[in-house]
Each structure stands twice: as C-alpha cells, then as structure tokens.
Amino acid sequence: MKSVVIGASGYTGAELLRILAFHPEIEVESAAAASHAGQAISGLYSSLLPFYSDAVFADVNTQVEEIASGGISVDVVFLALPHGMSQSIVPKIFDRVGLVVDLAADFRLTNPATYQKWYMHKHQAPEYIEKAVYGLPELTREELKGARLIAAAGCYVTCSTLALLPLVSAGLIERDSIVIDAASGVSGAGRSIKADYLFTEVDENFSVYGLKHHRHTPEIEQNLGATVLFTPHLLPINRGILATTYSRPTSRFVERLGADAEDSGHEFVISEMRNFYIEEPFVFVTDSPPSVKASLGSNNAMVHGTYDARTNTIITVSALDNLVKGASGQAVQCANIALGLPETAGLASLGLHP
Amino acid sequence: MKSVVIGASGYTGAELLRILAFHPEIEVESAAAASHAGQAISGLYSSLLPFYSDAVFADVNTQVEEIASGGISVDVVFLALPHGMSQSIVPKIFDRVGLVVDLAADFRLTNPATYQKWYMHKHQAPEYIEKAVYGLPELTREELKGARLIAAAGCYVTCSTLALLPLVSAGLIERDSIVIDAASGVSGAGRSIKADYLFTEVDENFSVYGLKHHRHTPEIEQNLGATVLFTPHLLPINRGILATTYSRPTSRFVERLGADAEDSGHEFVISEMRNFYIEEPFVFVTDSPPSVKASLGSNNAMVHGTYDARTNTIITVSALDNLVKGASGQAVQCANIALGLPETAGLASLGLHP
Amino acid sequence: MKSVVIGASGYTGAELLRILAFHPEIEVESAAAASHAGQAISGLYSSLLPFYSDAVFADVNTQVEEIASGGISVDVVFLALPHGMSQSIVPKIFDRVGLVVDLAADFRLTNPATYQKWYMHKHQAPEYIEKAVYGLPELTREELKGARLIAAAGCYVTCSTLALLPLVSAGLIERDSIVIDAASGVSGAGRSIKADYLFTEVDENFSVYGLKHHRHTPEIEQNLGATVLFTPHLLPINRGILATTYSRPTSRFVERLGADAEDSGHEFVISEMRNFYIEEPFVFVTDSPPSVKASLGSNNAMVHGTYDARTNTIITVSALDNLVKGASGQAVQCANIALGLPETAGLASLGLHP
Amino acid sequence: MKSVVIGASGYTGAELLRILAFHPEIEVESAAAASHAGQAISGLYSSLLPFYSDAVFADVNTQVEEIASGGISVDVVFLALPHGMSQSIVPKIFDRVGLVVDLAADFRLTNPATYQKWYMHKHQAPEYIEKAVYGLPELTREELKGARLIAAAGCYVTCSTLALLPLVSAGLIERDSIVIDAASGVSGAGRSIKADYLFTEVDENFSVYGLKHHRHTPEIEQNLGATVLFTPHLLPINRGILATTYSRPTSRFVERLGADAEDSGHEFVISEMRNFYIEEPFVFVTDSPPSVKASLGSNNAMVHGTYDARTNTIITVSALDNLVKGASGQAVQCANIALGLPETAGLASLGLHP
C-alpha cells in the first residue's frame, strides 16, 4: 500500500519514516514538510540516509493539493503536523484517501465545546469530529477496523490511560480522585526551536510545565470518564514518558479485599491489570514499577499498579516511548487495524538497553 | 575554628570539603574516610586539588579514637557517613567535641519506635536522640543556637517540608491528604557502587524507587504533623531535587477565599509562602514553578505554590541542590547557627546556569 | 538455526538477544550468564520482557559442558564474555558446534607475541588463533564464508578501520603518521560495576583513558598495516563511537592532486571512500562529518573524509553504534555470511533520532 | 568599583553576574541586554534571583549612549556580546571608561589581515586593536597591569594554549606539527536558539563542527607562534572543554632525554609544565589526564602532558570550564590585574563534583 507522510520533518514524521522503511505492507510514496521542502531527508536526519538516500522533502501544500485533486492516488495519509493544521487539511483530502491517520490533537476530543475550552479557539472542521475514530487500540480496537479517519491518542494520554483504564473500568477507583504526575523526554515537544528546549536549558534540569492547564487533561478525562489533575514535567532525556498516578479506591475495591487489604491489595491490582491486557500485543504488566528505558525505540508499553494501605491509595506507574507507542508507532498500529493488516506489522521490536 | 570531616570520601563529605575550603571561620583540620584512608584527596576528587593538593584521607577509626581520647582537640565534627554508623560514633566523641553535626538519618526521628519501624533495627544510642536538635533552620533555628548535637535534615525532607510547612502550619491543608511526588539526581544515593547507579542504567532513564516504603516518609510526617504518601523518582542528573505535592485544602482555606477561590487562590497561597519566608536567607518564593537548575551548587531553595479550583487541590513545587541545602550546605548553615557565626558564612553563592 | 548466547547478561549479550529476537533464521535456544544464572532475563533487562517473558539465564559452565558433551546440539554459539574467557571455552566446544562467534579480543590478533605484549599474559589457546577468521566483513568477507570460528572486530577498531581502510589501502596515507582520536559511550565498557562508570562520575564529564596503551591499538595496526597512535575518550552517552583521525598524505596523494590539492582534495578523498564502499550494505559515506546519533540502535556505520591543504593533513570522521556494528550487530552480520544467510538478515533498521 | 555588564542575557553575561555578585571590590551597577531589555533578570535566570531579585535588564543601546555621553560614570565595562558588536561599541565608550573588558573575539587578533581572512569581513575599528591587551594572564600578565582595553582570550584557545605554551616556549615541540582535538560543552555556543543546539539534537550525540575552518585557529597560532590543525567537537554537557593535543618533539627534546626517552619522557614533560606554572593561582598540573568535571563552575584549569616514545609524539590533555576560565572568570581575573586588585578576588572556588 502506498502512504504519504505529511509533516515529515518533525520528530513524529521522521519516526514514521523510520518505522515504515521496513513495514512489510505500507511503503512511503512521499514525505512532505512545510519548512524544509526541497531539502534532502538525510540532511535533516542522517539516520535515515541508508533507506532514504536520494529522497527530498516534498512541499506540504503542493502535496495536499495533489491528493485533493486526485493527481496522485494513495492508500494512507499520515498527518504529523503541529496542532491545528489537520483541521484545514482533512476536509480537502478525506474523500480522496482510503485512510487518514492524524497524529495531532485536532480530532481527539468528541465534544467541540470541550475542544474550544481547552484549545481556546473554535474547531474549524467540527463535522469531521464524529467521522474520526479515536486511535487507542486497547480502548477502541473494534471501531478502528475499517475506520477512514483516525485521531491517534497522544503520548501522555496513552501512558496514563493504559495504566488507569483496567482499574477505572472495573469500578475500583473513585472518579474524582485521580492525580497524574508524569514526566516526558524533550521530543514530546516536537522539533520546536525555542529557548526552553535548548540543551543548556534542559540538561541537568527538571521542571513542571503547563501546571493546571495542560491540554492533554480533557483527553485523559474523556478516555476514563473521570476528573483528573494532570501535571507534566520535562525530563532531560530524548524519549520516554513515565506516569505515576494516585487515586482513592472505591468502596467496591475495599469490599473485594475485605480485612486483607494490606496484604492482598498489591496482588489484586496487578491481577486486574494482567487480566485486562492478557491478549494485548504491546502492553505488558510488570511485577515492579517500570522505567522509561524499557521501551526505548519500541512500541511496547509497560504498566504496573499497587495499593498503599497506609494511606489508602491506589498507585500506578507506566512507561512508554512517546515517539513510538505515544505517537508514530501507535499511528501505524491503528493503520494496520483499519486496513486489515496484521496489527503488529512493522512494529515488532524490543527496546534498546542501554 | 577547627573541624574534622568524617566520611569525607563520599559525596556529602567531599561537598563539605568544597564548602569549608573558603569558609571564613571554620577550617578543615582533617578529612577521614573508611575505604580510602591514606589516599590523596585529589586522587578521588580532582576538583579539590587546588585547595587540598597535598592532603590525604585519614582513617575513620583512628580519627574517632583520637578525638575520643582527647588526642586532638576540635570544635566541630561533621559526620557524613552511610546511615547507621553515627550511632556508634556519637557516644564516643560527644563529650570531647563542642559540636557534632550528623548528616545521616541516625538522630532525626524523635520517636525510637518510629525509627525501629522504618529502619527495621533497634536504635543503638537512643539516649542521644533527645540531645539532638533537628537541623532545619527554617523550622528549628532557635533550638539550634548553642546545640551540641545536630541531626541535619535530609534532602527530600528539606525540599518537601519547605514547600508545605507554611501552608500546613497555617491550617490550610488537610493533614491526611498529602501526596509528595519527588525526583532526585543520582548523587542523592551517595557514591554507591551498584549496578543501579551505573551511567548506562540511569542515563536516558527515569524510574520510581522505594515505592510506599521510602525512609524519608516518617521524617516528613514528623516535620509536618501530617500523614504523607511520598514517592521518589531517580532523575538522570547529578544534583537536584524537585518535589511536586498535591493536597486538599481545609475548610479554613475555603472560607478565607470565599466565592473567589478560582481567581484568588493562587495569590493567596503565594502570599502565605512569601510572608512565611520573608526573613529567610536561603528560601525564595518564586512566581512560577522553579526548576532544579535554579539551585545548582548553591544553598538556595526555591518554593512555589498554587491552587487548582477545578480539582480543589493545593499544589506546591519546590527545588534545591540535594548536596548543598539538602545536605552539606545545610550542615554548615546549622553549624553556623549553633556556633554563633553569621548564618550565611561560607554559603553565599548563586546557582550555576547553565 | 539454533543459537546459544554465552555471556548474555552483559550489554553485548543482551544486545544479541535483542537482535536475534526478530532474526528470520537464527533463534535463541539458550542464554547463559555467569553471575545471574537462574534469574529472569527480564529482571535484568525489562526491555526484553515482551519477547523473553518466561526465560531465565542458564549457567555458563553448565551450558558449555552440555555443548562440549554433545548434550545439546546448536548451530551457532555466540561468546559475549569479558576478555580472556573465550580462550578456555573455544577448545571445549569447537568440534561440537558449526560456528563459534567470539565478540571478545581473544582471537583477533594473529601474532601471539603481539597478543602477549599488549595483553600481558600468554595466550591460552594459540592453536585456535589461525583457525579464527577476523570478523570485519568489509575487510574479510570472503574468508568469512564458511568460517567455523570468527573473532568479531572490536568497536573502536571497526570505526577507525572503516574510515582509514579505503585511503591506506590505496596508498594515499603515510603508514607511520596516523593519529586516531576517538570517543565512546559508556556501554563500551560493558556492564562493569566500577566507580569510574557511575552516573555521577561520567555525566557532565569527558576524559581520556588508556592513554598510550589501549589494547585496541595493535588490532587497528594489524588491519591497516600501519602504526597508529590511538587515544580513546569516555563520552557521557550510552552508545556510540566517533573517531576523528589525522594523517599525512603520501607523495602519491599529492601527485594525484597536482597543483589542485586545495580545491579538489576534499572531493578526491570522498570519492575514494565512496568507490570503496559502493556495494556495502552497512557503510555509508556522508557529505559532511557524521555524528554518533546517526547510527543509534542500528548496524549502520557512517564515514567521512577530507583534506586540509593548509596543514597538509588527511582527516577522517566516522561513527557507529558500539553495541551494534561495533559488537553484536557485527557478530550477527558475520554469522549470516558464514552460514550462507542473507548478510542483512535480522539487521535491517535505521538509527533512532532523536 | 562600579561595573556595567553589556550583553548580560547571554551565558557569559549571566556568568559575569553570578561571579560579580560576591566580588569584594567590583559591583554590578547595571546589566544590559539587547533582546530582553525591560525584563526581570531572574525571569531568564532564576538562579540569579537570590541576589538580583528586583533587577531588570537595561537596554544595550541606551546603556552605551549613557556611558558615551558621560551620563553615568563606571569603572569597568564588560562586553559579553555576540562576535562583531564590540567593534562598534568600544570606540564610543573607550574615552569615558577606565577599563573595557571584551569577551568576544573582536580585538584578539593583532593582525587585521589575519582577522579579515578568518572572519571574512574588514575590521571596523582597527585603531583599537593595538590599544587592546590580550587577556590571558599566564601569557600577558605584565601587559595587563594598567590596561584600558582587554581582549579576553577565548575558551578553546585558553585550554589549548595553557597546555602547549610551556612546551612550545621551551622549544620542545616542532611548530608545524601540532594537532589539537578538542571538545566543548554546549554553552560554548552561547544562548543561540538554533536547531543544532536543541536538547534532542545534542543529547546522546557527539560530532565535529567547524572542521578545518574554526575561527579559534589563528588565535591559538598567534599565542604559540606555530601552525595548528584545530578540530572542535560538540559534547552533550553544559560546560567544560577538554583539549587533547598531538605534536612532534624537536631535536632539542630528543637530545635532552638521550637514550632514556621511553622511560623519562613523561616525567620530563610533566616537570617542564610544573615549573612553568608553579606560581600560577589558577593553573594546576595533574599527574594523570584531567577530566572536564574537575573545573565545573570554577576558574581552575587543569593541564597534563606526556611523551609516547612508540610513536615519538608529545601528547597534552587539558581541561577547564569554558564559561569561567574560558570566558567570564578569565575576564574578571584580567580586570583584577588591570585594576590593581588581588588577582583571585571573587574567583576563589572549587569545582563541583559530582
């Protein structure tokens, strides 16, 4: 199948090129970039030289027009653009392309009012919101089959949702009690050329950002049907997200455990998670809290949970690579499902350690 | 005044040597180490070469015996040893030395039963616990004046306590609702030669440790008179601690703000913190959340707080250098107070950035 | 085909497990470790959990005995042990196994006297030295076909040799003039639990080691038939080697260029390198100096060269991942050749960026 | 004495503010910045908050005009601007200020033709070149006394010159044989907001830049009276420079050593260096190769040298903090000398480790 990557000069775009280079069924027909059109792909990403040695970035607008006009025919379009741009592109190409996978936040929130509140502008293509299937296979696998527009879940959202979903959906966590304290590597900000992301500002540093107002909050709330306080931190690493969550157990949790909570709480939480993910190809429940390194460069997510009887708190810890399971790997996994390909096609790998 | 540093080959010991090199009143008479006795100080710490060019590490046992026997006379002894060793040394030297400052956890907990519960062995010198003054000047300055045995506060504990103390002591935070999510640079583990602290295991990584059971928990609880859930993480940086805390406001907080909580909550929290620390030489309340880099190499601590009306949560963020305000700088600050020296002697500096 | 990895708990061993997990022809029958026998592989390397979820490390001695006694039958044995151990294992298993690939230095030097001089002990199995084929496909591909014992080239050696080989073998570089200034990530030291490799000692640091005496020197000299001064540095990164070399051009080089050296020297050097590597699947000549990041996690090596007329110096810059093309990837590439498999089997991937 | 820092929002400017905060004789009257005028200093550098809590950046042009017009009277002006700007400012303020210390390259090269060749534009204030004293105390201490315009030496240049000067000036090194392979932390590039200096591009990376053409080359050549091939690399660290140099000994060196070169060469090189620096307050000759960490945050430089008889090469290794001894510390040291203050005033400190 033929694909086009639009927004290929950013980190999620380049990661799509890296993954698709060895995908058995989907090949990259063209890689378009806004600010680097006409330049060699390997000039920006020397790591891609061995596979894309002669390729240059196409221009985003030209590429979109060609698709919109039927000038070229493609099976899948991946949109890896800064937030807000997909809203103007999707209406132009939707009818011409079998599948559009959007990696941005444009079509993730199902309620346009919620979108407007957190993103502080009116959605430009609300009629496409309901055509979009939310792209988190562990939550929406059935809807993804045959989907024509996918809004792939965000990085923090995937990490947090995968940890909490088994427990929230089983009614074990109070839905107004969730605190998510998370940390991400710098690539989560994309290839943004801002002072905040200079090596000298991030290295040997650690800081909170978006306190109280991060836009991933409503997306997590939508997935869980719960209220969450979400606080992201910036880690001095390239890739990787770790989310530590704290929540109060419901009376149902307490009843299930009985007098035995202190001793059996941990095992109960772990076994709930294991049962939930037993069939999943990319989610692994670990015996001890995972570290971000376990997933580096792979589509594997690691989740862990426990119960602290002393403070009556359910704690989860989860980790993944924000550019793979948190973005481009997830987009390919969703595309595989939508297109009827094996779900793991092009995605089988293990994390680098060290 | 003459001082001896015992445990000088570890990171807090070496940091004492760095700070005391230019202290106007306290000089280092001897630096003793258990595993490196007889070796050049500059062989282990080339950074110390310019001041300690010909010095070698003395032997810990020999040094302790000399002090105990009155063979040498010193004004201050700093104990920078792995946890548990000070209990056997303090009884030997207490009567011979004007001031002992212990950087370990041996004499921090005032209740021996609490000590035994978290450290899982019986305290070896319980009669010295009540002689010890807890060394956190912002909490115990008056008691420190003229103290003869100081148990300097720990790194995580200082960072967390400084953030929460103004709000807890004003009755604004529910004492059973505090979650502390913190992260530390690797030097917090000391110079431990374990696989977990290899560069290749820590770099590009981020992980939880001591989940539910970290020994700093009861020390924070003792300072605040509250129950806390404390979760430390390991950061891929050398120095620095950041603590993010979440807690429920009391009805008193809500009453003080009235209908105006959403708008004025932030200012109220900040102003409470500012008033509390207005006279402090080393604690600074920042307008936005601080980052660990702000304190690198200095004794300065940065604290910030806010209120999230949406989830009815008080959030604080605080940062410091774990080896300075979190250990050796704090020890010197406490010694200055106890000895009647200017509190900032030897400690005036600004953090390195970048 | 069935393989056994001996020394699987070290970094090159774990990297073999990572690569072989998705090798189309070679599967891992057993992974043996000296110090972690009986432990879960995923306990040490959580990244390997998705593929090796239930596997435990076998014991090295037991495994060697089983192979030696014919108790199990394997096609390939990979030895990923600390230096010196292969000398005692190879004689035991050589007759029982189709192919032994040694990742250590034991069988790389063809002259036992040179071995003894640099390693400062007598070789324990000199009769196997001449049975061994040196494992650097770009230099020894023909000899590798059908080999039964391969001494895979070292990491610094591969990086330096690939850069200099085209120019030395064309007679363009004076053979007594070569300076190699190189730097490696910390994984080059293996999983050594020593103070020198603690995060706190390496992070934000850069230093020379093995000055004048590094054991990779004679191996580079053997490959090039030249005398080299080789100086390695320790980089605060996990993986990656960069080698910068300086050498004097021969009169032949000067004659080829004529009066035009200043203008055409660069192009000439680059074109010599391109012609040399035009058929190679894993060596890429870059237009500008490569960085280590270009190869992260992949078997791709990047080489570049130029001529500085002002100082009459040929300069090369080359980069690779020391654990892949510098160790485990190379071992698999050599095994593929020896076993008649496609040379790139299991090795097709692009470097992670960022 | 009153000083003004012009260019205070960059890293060398902020480092001047950090150092001068506790200088016993020089105080900062004003800190001017081009792009951040009117903003709080602590907004950009939270580390400076404790000392500069209410200060804002003045505007560079306004500040320069005020000095030029005599509107304010200052004793010292530090220029910490991007290269090229000092040429237009110095002529305006030179007659109004007792001492101008320029941290840029504008007045370092004594030959305007050399300047034009390497910087590729005509010098704008050549008449001030001969008024300027080159600011490297170990080379030009006597000329610095009473100087009115100082061109402080660059970071790579200081590191390389300090290592080679004792040996070159003693006639032990062939002046056409010097290769300098050096590496710097990212702060050496200043606070440049470019893609090349993003965390995600530098972290876990290592690369060559300015190959064959770096502008520090002629400055090193001027200091040594020699031809050098200088190759800088970019290190994934904030601060620090390490320079490794390779050169051929002269016949004088060989004669001095006689048949004994292999055994005594090392000691001879070291003793030459020690004798040369015996009186220096900030240069330390180390027994083994220094690492960059030894100087972090301090004005101390570490130098080491040896002789490799096998390849007949003199090797030196030297290290310093590029923002202190390589820039702002050096500027203060030079100012101290010029103003008749104690040379070490405000500069006594030891490097941070870890």
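Just so it is clear, A, B, C and D label the chains in written order, and each chain counts residues from 1 on its own.
Criterion: contacts are C-beta pairs under 8 Å (C-beta built on N, C-alpha and C of every residue); 3 or more make two chains touch, one makes a residue touch a chain.
Here the structure is a predicted model, which means the values were calculated and not measured.
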item	value
Of A-C and A-B, pair with higher C-beta contact tally	A-B
Option in C-D, A-D or A-C whose residue-number contact pairs overlap B-D by over half	A-C
Centre distance in Å when chain A and chain B are each reduced to the mean of their C-alpha atoms	38
Gap in Å, rounded to a whole number, between the CA centres of chain C and chain B	46
Whole-Å gap separating chain A and chain C, where each centre is the average of the chain's CA atoms	36
Contacts with two or more other chains, residues of chain B listed in rising order	11, 186-187, 200-201, 203-204, 236-239, 290-291, 293, 296, 354
Parts of chain A lying in touch with chain B, wherever the complex brings them together	176, 179, 181, 183, 185, 200-201, 203-209, 211-212, 227-229, 231, 233, 235-240, 242, 244, 246, 289-293, 296, 306, 308, 310-311, 313, 315, 317, 354
Chain D partner contacts - residues on chain A that touch it in the complex	11, 186-187, 191-195, 197-204, 236-238
Touching residues on chain A, where the partner in the complex is chain C	11, 14, 18, 21-22, 45-51, 53, 186-187, 203-204, 238-239, 282, 284, 286, 290-291, 293-298, 300, 302, 348-354
